[in-house]
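Common to both upcoming complexes is chain A, partnered first by chain B, then by chain C.
For the complex of A and B:
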């Protein structure tokens, strides 16, 4: 499985739009894309998950790692547009309260 | 007479041809038997080369296999006229040189004089001091796929040229060789899988040894617990930690992910809980401390949900703290209550988290059930979940001992999912108050 990643920088925010299933084979690609974003001057990093209908535990772990990076770099890390399937996984893992989750990408980008 | 005289050489030549053909077929049969008896890949490649060189009466030969990762060709063995192996390990691109062309097109080729061929690369001759004359090169095809190329070479000095009849024999040899290489590779994969299985079985027994070998014995309580990993090893864990004054620590959790990474994390976590709870047994403090410890050695976003309880077996007081785990179920007078719901995030995500602690005084006849989501989330073929309602129903109707209840629960889940595979690790722990 492969995912497509699109990076969009607006001011001091950057949005990573993910399309495809995030699993063991594709989560590394997402990790490689996210890692440098916390070293740059991005105040907000948004992951747009509207194009993701499946995420497994390795994908969740990558997002948790993103949250940890944001915590260390004092940036904001936000998730947007979770599909029902993905939201279920977050709920099962009790992670909806851990992440900042927004209904839309635009809401996530709002100051 | 003249006819006879004329016919005799023709007949003799035909007989010679047929004799050669019989000899070739016999050789082929011997080759097939020989190379199919070898399962060690390195030895097999060596055998193929030696046989090819001898049978084709060649001065040199080489065997090149496709590297599927890079789609390049890698020289495995090259034998010169003096039998010296050239450990060149040179790589060729698909379509590069004569061998690369044969690998790309899948068609064999006879070259009368290599130096007249536009794709011939004399670099190997320069390296080895050998002078290539005629080349016969054939693809190695196994299961309809080109896995490499084999070529035999006549030295320029001898002046011999490969013929069509040589190609027929060589193709038979190459077909056998390709199949034997395929089989040897499969054998290697099987052996590796067997070794992995053995390692995993060992890992499973090591992991099982981390879990309590027996449940606590106490006149006021009966305990039972069980865990089943979805794979050979898993990330679910439970433990009973006895303290002074009839206090009992009870921990149950679920490390994110499955398999070996989760199992390794689980092993460390169990010792973390044992170590940290020796200092202070307050459940909320234990969770906060384990959370910080996990965050300090955070690796690749792995985290765990966990419930930590202290059961005072004298006063029957149960103190619970919950880090992102499912609530506990309390059965009292045939009704079920959810208690000890998550008061904080899973452990290992962010440091300095606070957890709340809830306290309950248990009564005689009460039963507590703690479980991982592997109990409620198994799905049947219709994609229906076993679910919390089925679990609560089963629990509220239970009259069996804790151990029998867990067996019944397992049976119910198995019956519910039918042939569907167990997807997640499944762990449950229960105790009742006598």
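For the complex of A and C:
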């Protein structure tokens, strides 16, 4: 199973919209897309998860890596539009309060 | 359901979606609530991913055999592999206060399922058995403490 990734740059923010199941077979693709974004001049990196109904521990691990990259590069890293299933996995992992989480992509992009 | 449902997939991440779909269909057929079904599917997916990562040490053609049984209130899944046997004493969830990538799969299984046991008493591989009582509803993180 694969995921689709769409990058949308607006000013100094970039949004990565993910569609599909994020699991062991697809999380590497998301990691490869996210990693370079923290090396460019993107002040805000938003991951739009509205198209994701399933995420496993490898997907969560990739997003935790993104958080670490953002700390190192002093960029903001935000998650948007978590489905109930995805939010539940973050809650079980006790990570929901660790990330900046927004209801919508637009809210995540607001200064 | 007295007859177990058995599914064998190659030890390759690209087949994890297949096992999730089959289990979703089975749980739908038994009217398992969506939120419970999602969590059970997560546990099975994580168990299979661990087999690929640790027992088979990467994608391969060796089998992962999943057996699902719903009997009374109990959902039981057994995951059999034929790879490197795990050191049962080493399988434990990590400290969640340490925010770092990885190591969450075992935590998910222990947090969600009522019973998780590993059996290596065989010539090769491991048999993982996980049981969840369906009628007690979801076990919240508060119910089980910090794991």
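The rule is simple: the second predicted complex is superposed on the first by the 111 of 111 C-alpha atoms of A that agree within 3 Å, B and C clash if a C-alpha of one lies under 4 Å from a C-alpha of the other, contacts with A are read in each partner's own complex, and residues count from 1 in each chain.
In this section, contacts are C-beta pairs under 8 Å (C-beta built on N, C-alpha and C of every residue); 3 or more make two chains touch, one makes a residue touch a chain.
Quick caveat: nothing in here was measured; it's all calculated off a predicted structure.
Colleague: Quick one: on chain A, after the overlay, do chain B and chain C clash, or do they fit? Just give me the call.
Modeller: clash
Colleague: Considering only the touch criterion stated at the top, classify A:97 as touching first (chain B), second (chain C), both, or neither.
Modeller: first
Colleague: Kindly classify A:41 by the partners it touches after superposition: chain B alone (first), chain C alone (second), both, or neither?
Modeller: In the superposition, A:41 touches no partner, neither chain B nor chain C.
Colleague: May I ask you to name which of chain B and chain C touches more residues of chain A?
Modeller: C
Colleague: For A:54, select first, second, both or neither according to whether it touches chain B, chain C, the two together, or no partner.
Modeller: After superposing on A, A:54 lies in contact with chain C but is clear of chain B.
Colleague: Between chain B and chain C, whom does A:62 touch in the aligned arrangement: first, second, both, or neither?
Modeller: both
Colleague: In the superposed arrangement, which partner chain does A:88 touch: chain B (first), chain C (second), both, or neither?
Modeller: Only chain C; A:88 stays clear of chain B.
Colleague: Where does A:23 make contact in the superposed view: on chain B (first), on chain C (second), on both, or on neither?
Modeller: Only chain C is touched by A:23; chain B is not.
Colleague: For A:72, select first, second, both or neither according to whether it touches chain B, chain C, the two together, or no partner.
Modeller: The answer is neither, since A:72 touches no partner chain.
Colleague: Flag for me the stretch of chain B that overlaps chain C after superposition; candidates: 62-70, 296-304 or 332-340.
Modeller: Residues of chain B that run into chain C: 296-304.
Colleague: Of the residues on chain A, which ones does chain B touch that chain C also touches?
Modeller: Correct list for chain A: 57-58, 60-62, 64-65, 67-68, 92-95, 98.
Colleague: Name, in rising order, each residue of chain A that touches chain B in their complex.
Modeller: 57-58, 60-68, 71, 92-95, 97-98
Colleague: In their complex, what parts of chain C are in touch with chain A?
Modeller: 13-14, 16-17, 20, 35, 38-39, 41-42, 45-46, 49, 52-53, 96, 99-105, 107-108, 111-112, 141
Colleague: Along chain B, where are the residues that touch chain A in the complex?
Modeller: My answer: residues 256-258, 295, 298, 300-303, 305, 324-325, 342, 345-346, 349-350, 373, 377.
Colleague: Write out the stretch or stretches of chain A touching chain C in their complex.
Modeller: So the residues of chain A in touch with chain C come to 1, 21, 23-25, 54, 56-58, 60-62, 64-65, 67-68, 84-85, 88-89, 91-95, 98.
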